[in-house]
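In what follows, chain A forms one complex with chain B and a second complex with chain C.
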Partner chain A sequence: MLEIRDLHSFYGEAHVVQGASLTVRDREVVALLGRNGMGKTSLIRSVMGLSAPQVRRGSVAWKGEVLTGMTSHEIAGRKIALVPQGRRLFPSLTVTEHLTMIKSVRARDGWTVDRVMELFPRLAERRQHRGNQLSGGERQMLAVARALMIDPELILMDEPSEGLAPVMVQHLEGIIARLKEAGLAILLVEQNLYSALAVADRVYVIETGKIVHEADASALVDNPQSLIRFLGVH
Partner chain B sequence: MVLLVLAVLPAVLPSYQVSVVTQVLIFSVLAMSIDILAGFAGRTSLGHGAIFGVSSYVAIYWSSTLGGDIWIGIALGILAATALAGVFAALAIRTSGVYFLLLTLALGMIVWGVCLRWTAVTGGENGLRGVGRPAFIADHASFYYAVLIIVAPLTWLMWRLVHSPFGLTLRGIRDSESRMRSLGYNVPLHLFVAFVLSGFFAGVAGGLYVLFNNFVSPSTVQLSQSVSALLMAITGGVGTLLGSFVGAAAIIVLENAVSAYTARWPSVLGIAFVLIMIFAPEGVVGRARLLLARRRSRSPKPNHSGG
Partner chain C sequence: MMGINLFQILNGLTFAALIFIVASGFTLIFGLLRIVNLAHGALYLVGGLAGYSAAKASGSFVVGALAAMVLVAALGAVLDRGLLSFVRGVELRQVLLTLGVAFILNDISLVIWGGDTFSVPVPEVLRGAMWIGGVMYPKYRIFVLVLGLLVFAALWLLLNKTRLGALIRAGVDDPEMVEAMGINIRRVFLGTFMLGAALAGLGGVVGGAFLTLYPSADAEILVFSLAVVIIGGRGSLVGAALGALLVGLLNAIGQVMFPELAYFVIFGPMALLLAFRPLGLFGRAA
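For the complex of A and B:
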């Protein structure tokens, strides 16, 4: 489905993604692990066609079609959604408005406002609250809910667990599992090894812009030691 | 309710006051067209006076100088205004903040310069005189009703526009352009469409102004026209849309009332504007909304737990 081949991205002269290759198959949750500054965010920004960083070599293909060189809105039109790092909500729009901006309340196909609210009952209670009146967990839910409104087949999530309380992280893991059941593919960028292992089918480890390790999550659950040396966490 | 009051006005007011209210309605449309950009997309334009005036010029040139039908003239005027807005938009949408303000100001100045110097077509400083209103709307009351019948659905259209998903994307752009881009929105295209639609509404206001004033001169397209319409939007409350009616009424009525007593009425207007900016920077309607919301939130607050 999503195939990243030998991707090189630059911030000015800084070579942040140095020939990364990875694949996300149909209905698969793939976690991209790595410490701060290793190029995780740069990699998914490159997939989404966001102007910084600049892709200079390699390719990103989606269902056989090359995405490199397309603008972000063209890529979003191909049913790829981004849940950006730090939620990135609109402070002056209400919860409902964040969703109806993308799709009318009357829409009946795919992900509707009602269906999204069912997945996030907490948001349903906060319908009229504005982006800047939500808690961290609610913001993350809304960021995911908003991404769902474009009826994506692939969601790119940039550190969704960042800054959330453990109970919220657990809740989020449940949401990711339900989205997988609903047929979505997810590329999850994470620093948190255990959160990634709880939901992912496969994991990649990125270090200084290169993929240095790839493994099935099931093999790692009992023996995460092999990853810990890459991540320097415990 | 408001519509009902507006409908019976000509029966109770003398004809001069009726024409002032007519003027308020026309300029409310211009102020709302500015508010679509300023209040929702976060782009404050100082070029809308020019767009408005070009519509008037084209309508009068067609009907008076060329002797064509006035309605076709107005339609052509609106078309010209929309096209001009397209040109302005193409040049200005990639800028924001003070650069957008200055660029639209400069574009407006170019239009003003053309109207002033292209005497063969525009009559230069003498301006152009129109052919008068068609007979069925010649008197003040029937013209007032005609304007009301046009302005009411226009207002509804603009209201729908800013509350549609498209309007929400504009507010998203105002909040953060980069977020909209990363969500996959074509930000320049949305701004372009918003500007062109806004220009269309300014053009309609310009067409109505031809029927109202029957005369157009470079002062119709000059900067002070843009500024006064922007002040109307700000006085009423930027981002409230309907506040433009309050703002237009306040400024036009004040202008008419104060100028009867003193030649220094612009100073009085200036002081009034300063007071509004100090005590109600959200505008009259924006302020009223805030007070209402505050009263409502005195009832028990929804709790903000979780995280």
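For the complex of A and C:
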């Protein structure tokens, strides 16, 4: 279980996360909603141990262990994976290399290259392509596939639907549902309320670095109006 | 004014092979760690001198080369972990620090070896000359050419066919993301720094046998390495090979045809290239 308590992060003097608290339970999909510049990505980066922003107060704990102050490779070693905003694939690496750089192609435990390719047949057809030769949807698939190779128990996904065609967004929602079935917990950053409600169990709304609302997704599906005032979306 | 003949072209190619060996290490460090390691020339010189002593003592060129590589790789580890780790991410400080290290290594080698000129002894089988395409050419310089090709092939395989190579390339692209995938990028940095330094040491021994080693040899090889990497593009192996070829051949042509302008013949075209491709032939924006 992930527990973020009263987290404060700064870019220089800019106070971007202002005392955010939230939890992600086992096998739970939690959506973090908010408009641009509200601190969503800063919060995710703080959880992953990426600096900047710099965490100055509060804590992030995973299964009771404090992550704050660890390097991000130590955090990843605790089975927390990142699907970053903008995908951030490696332009010099082929599709296969994105996976084998983390785990040998011969590995048989957990998520293997074969198992990941089964989940994303499109990537199997593109094995030898480089990251920058893929379509937007394929890039997102690869970013998720790469994250799976560390056998995560929690995936932090930062706006995975950004820039995707509606049909790809739907496909992605299907993938998230399958990962949840496979036992993963997911903290999903979204701007798109409806996409978030399609997959999330619970929803938090972040505004200027603070969590301002928390709700069960099921309660919102029929009545999203209560969130729209926070998000300014339609 | 003399024309260009095969002899001079071979001189250019063998010089290109030497500066490729040195510059490939330079570009690995520059590409991954984003450090212009101005101590690279000093590592070349110290490696060459240490290799000279080891080769003299053991009577073996190979032992000299291996000793130089091990020693300079260890120096690289000390430089990376002991000094550069204090100024991570601040490029200007890193550059100044490596410049300071270059001066210190230079002075230390003056203390140990003095200011004389040394020539690393060449193994028996590589002495003398052989016929190539109608010219008599030193065997040893042909060996340097072959060694340059072997180093290129080995580095190409390492970078493109191994997991470590994939990590290095990914680290050149986006080190933060590599770290977020659970990989200790510092360790990859350290290994790359040691490999790059070892190549400078190897270059010192190999070059020390035909260019000789003297107190300012480090600055000269550094300037050539910089030119190679700037022409080829930061962190690109193929770029370094093409850059070395270009610099080696231009150097040979310049020395024969325009001896007074030998440096201009190299750096003039380099400036022109940079005007059109500021990141070099194979460079990519960070």
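In this section, the second predicted complex is superposed on the first by the 234 of 234 C-alpha atoms of A that agree within 3 Å, B and C clash if a C-alpha of one lies under 4 Å from a C-alpha of the other, contacts with A are read in each partner's own complex, and residues count from 1 in each chain.
Please note the rule applied: a contact is a pair of C-beta atoms (placed from the backbone, for glycine too) under 8 Å apart; a residue touches a chain by one contact, two chains touch by 3 or more.
Please read these numbers as outputs of a predicted model, since none were measured by experiment.
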item	value
Fit or clash - chain C, chain B, common chain A	clash
Contacts of A:K40 with chain B and chain C, given as first, second, both or neither	neither
Touched partner set for A:Q133, first chain B, second chain C, both or neither	first
Partner chain(s) touched by A:S92 [first = chain B, second = chain C, both, neither]	both
Which superposed partner A:P84 touches (first chain B, second chain C, both, neither)	both
Partner chain(s) touched by A:R202 [first = chain B, second = chain C, both, neither]	neither
Chain B versus chain C as contact partner of A:H8, first or second or both or neither	neither
Chain B versus chain C, judged by how many residues of chain A each one touches	B
Intersection of chain A interface sets (partners chain B, chain C)	48, 50, 71-73, 76-77, 81-82, 84, 88, 90-93, 97, 100-102, 104, 146, 150
Contact footprint of chain A on chain C as seen in their complex	163, 166-167, 169-170, 172-174, 176-185, 284
Residues of chain A defined as touching chain C within the complex	48, 50, 71-73, 76-77, 81-82, 84, 88, 90-93, 97, 100-102, 104, 146, 149-150
Residues of chain A that touch chain B when the two form their complex	45, 48, 50-51, 71-73, 75-77, 81-82, 84, 88-93, 97, 100-104, 122, 125-126, 129, 131, 133, 135-138, 146, 150, 164-165, 168
Chain B to chain A touching residues, read off their complex	165, 168-169, 171-172, 174-176, 179, 181-186, 302, 304-307
